[in-house]
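What follows is a pair of complexes built around chain A, which joins chain B in one and chain C in the other.
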Partner chain A sequence: MKRLVGLVVIILFILAFSLLLVVAGGSIVPGREVRGLARVYLNTSYNPWSPYFTVNSPESVTSVVWDYRGLDTVFETMVFYLAIIGSIALARGYRKYIPAKLDYSKLGLSVIVKTVTRITAPLIIIVAASIALHGHLTPGGGFQGGATGAVAPLLILIIFSQYYLIRRGVRKESMLIVRSLGLTGIGITAIAVFLAGLVAGVHAYVLQNQAKATAPVSAPAYIDNQLISGTLWFFNIFEFFAVLAGFTIVLLLLTIPERAYQGGGGE
Partner chain B sequence: MIIEEVLVWIGMIVVGVGAFADLVAAIGFNRFRNFYLRLHAATIGAIWGAFLPLIGASLLATGCYCLGEYRWFMAGGSLVTALLILILAPAGSHALARATHRAGIVPVEPCIVDHLDEKQCVPGGGSG
Partner chain C sequence: MIGPMEIMIGITALAALFSTAATYLAVTEKDLVKAVIYSAIQSTIYAFIYYMLMAPDIVLVYIPVAVGLYPAVILVLIRKTERWEKD
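Showing the complex of A and B:
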């Protein structure tokens, strides 16, 4: 009977999926007229010969994310920030629980795993920083870098225990400060060119990156002959810190020992 | 050049050995009868089946002049990934085995001696 039910479910799934494919094949596959849009993006992402349309970044995805639809991404960052705030609100009312006598060498996994983590955790942070800092040149960016970097605190939480991180200052409050500073940086970067336009007395937009025909101010595309693509680089750096700190907060909250909640909660 | 030919051939042989080891590991992973034995098969897949082919890919890329300058990127990337796997895979399997043994949920079988916990040792075995 059980096998029969499983068989029927699998057959139904295959039939339904085939139906979906047949129906979707006619409508969801993008038509030829969409290709013009891709051509525009690829043409303008890095194009020094048309200075009023280019983003000055060879990475089209980051250009779209932080320039063409920058407002969307700022709001996405806000949504992520609200999610972190929500998780902090959920975990409110726990006492700081650190046992009086704590032998740090006895916590966590074995010496072998700890040694390997000591080698790899800094490497993870370095890779994450490189993903974030090169986000305007190669695939990657602030969010991807931050999510990669959050693997390091996750490893340390599980392998060395939570107290190891907390003793070194990686606690909820300090991470919240880093997170808020990152978000403030994103906000300031978003209005930086607009403020520069105000000061210079010319027309400028919020979330503007490079100069436009009607708004002749732009964020610096090069620093010391290194391409930074104007605001993209700053957005990526601030987003990196914001996402890294945000994920670290959630991971810290997830690994609070149950004893920290005992004794009635409250303030 | 004779040296690049040799590099490419050694690389191909090493990748072939890795593919064979992956096959052996997959068979062992399906056929072995308890957790520790299957973990052993899985680590064969990680070291002989992932570390070794990456070394082979690194040698292949170094010997392949058709790739131009980019062969150094490929060779270096493969080498670094191989070294990381060499460090990480044993640590992961060690953590799994240690946690399982401390929890005591899998009998150690077939067992000759178990200094950590004699009670978990199930001597003998061999066919199953």
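Showing the complex of A and C:
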């Protein structure tokens, strides 16, 4: 009852405040016209007629994330990596705990849920891969795809139990290797055009994608007439694997049984 | 004159109001499992609001993280600690 009163008070407050805002200023609704900065991005993100400014990607958001402000995104990836390192450090000191006699058909939830998961988990992975691989064409990208793909191991962990994943090689160590490979790929992609410039003896920048007026080397925008937007496609793939493996590590560590920790509860 | 733009913004505003109610219920709920469900409802509404505000990139990252991963992680944590919040 007390909560209901509180809820009604809050809703009335919001409605009254909205009414006040609408009455007080008629100009609060943002205008429909595109602002100057946005117009620059929309004009240049895919524009073959101005080759020194374009990213060759029809997806403006991915262009901004991995090209115009690529260094920021590299640091974001680093922050995520440090968070994963922190969670691994928190889970230190557990030993491998696999019960001697395991009946895999008895673990987890019912047969109905398992059958549904057998159908949906591959679909989730496919959708995630599509989001990541088309990140330079349609809304999406590496992080979005990786986060979507991490739902599949989560479902399997809860519905089939974690021994099911561990028996199939999805372990903390193997996921750490996948994650490190993804991060290495991101690093190599970041300096690839710079190294190409060094080899060719022309000026080039770190995190450069397409050719600039003072730096005439560029990553290939098309492979076999398929638009890959230079470095964006590679960034998205490597980020996909790094994020997918990172989330899987955290979920695996969270679902470790308590008695796997030395001196913990349980036995 | 009510055009499609006004209807869209009106639905978004209504959804925002519901999300506030869900947030309030999540904060005041003593049963933490129910609180997580309220929080997931709020996240679902937020995903809808992002979609209406034409930010599909945010929707794609918000749905798996805020509706899938985050409630699951919190539920695992509740399972390992305790379900009821004490006064």
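Operating definition for what follows: the second predicted complex is superposed on the first by the 227 of 267 C-alpha atoms of A that agree within 3 Å, B and C clash if a C-alpha of one lies under 4 Å from a C-alpha of the other, contacts with A are read in each partner's own complex, and residues count from 1 in each chain.
Operating definition for what follows: contacts are C-beta pairs under 8 Å (C-beta built on N, C-alpha and C of every residue); 3 or more make two chains touch, one makes a residue touch a chain.
Because the structure is predicted, anything quoted here is derived from the model rather than measured.
Colleague: For A:254, is the partner it touches chain B (first), chain C (second), both, or none of the two (neither)?
Modeller: In the superposed model, A:254 contacts chain C only, not chain B.
Colleague: Would you sort A:235 into first (chain B), second (chain C), both or neither based on which partner it touches?
Modeller: neither
Colleague: Which chain makes contact with more of the residues of chain A, chain B or else chain C?
Modeller: If we count touched residues of chain A for both partners, the winner is C.
Colleague: Between chain B (first) and chain C (second), which, if any, makes contact with A:112: first, second, both or neither?
Modeller: Only chain B; A:112 stays clear of chain C.
Colleague: Name the contact category of A:120: first (chain B only), second (chain C only), both, or neither.
Modeller: A:120: touches chain B, not chain C.
Colleague: Touching chain B in the complex: which residues of chain A?
Modeller: 109-110, 112-113, 116-117, 119-120, 123
Colleague: Inside the complex, what are the residues of chain B that reach chain A?
Modeller: 84, 87-88, 90-91, 94-95, 98-99
Colleague: Where on chain A does chain C make contact in their complex?
Modeller: Within the complex, chain A contacts chain C at residues 3, 6-7, 10-11, 14-15, 18, 29, 61-62, 131, 139-141, 143-144, 147-148, 150-151, 154, 158, 247, 250-251, 254-255, 258.
Colleague: Taking the complex as given, what residues does chain C use to touch chain A?
Modeller: Those in contact with chain A are residues 9, 13, 17, 20-21, 24-25, 28, 56-57, 59-61, 63-65, 68-69, 72-73, 76-77, 80.
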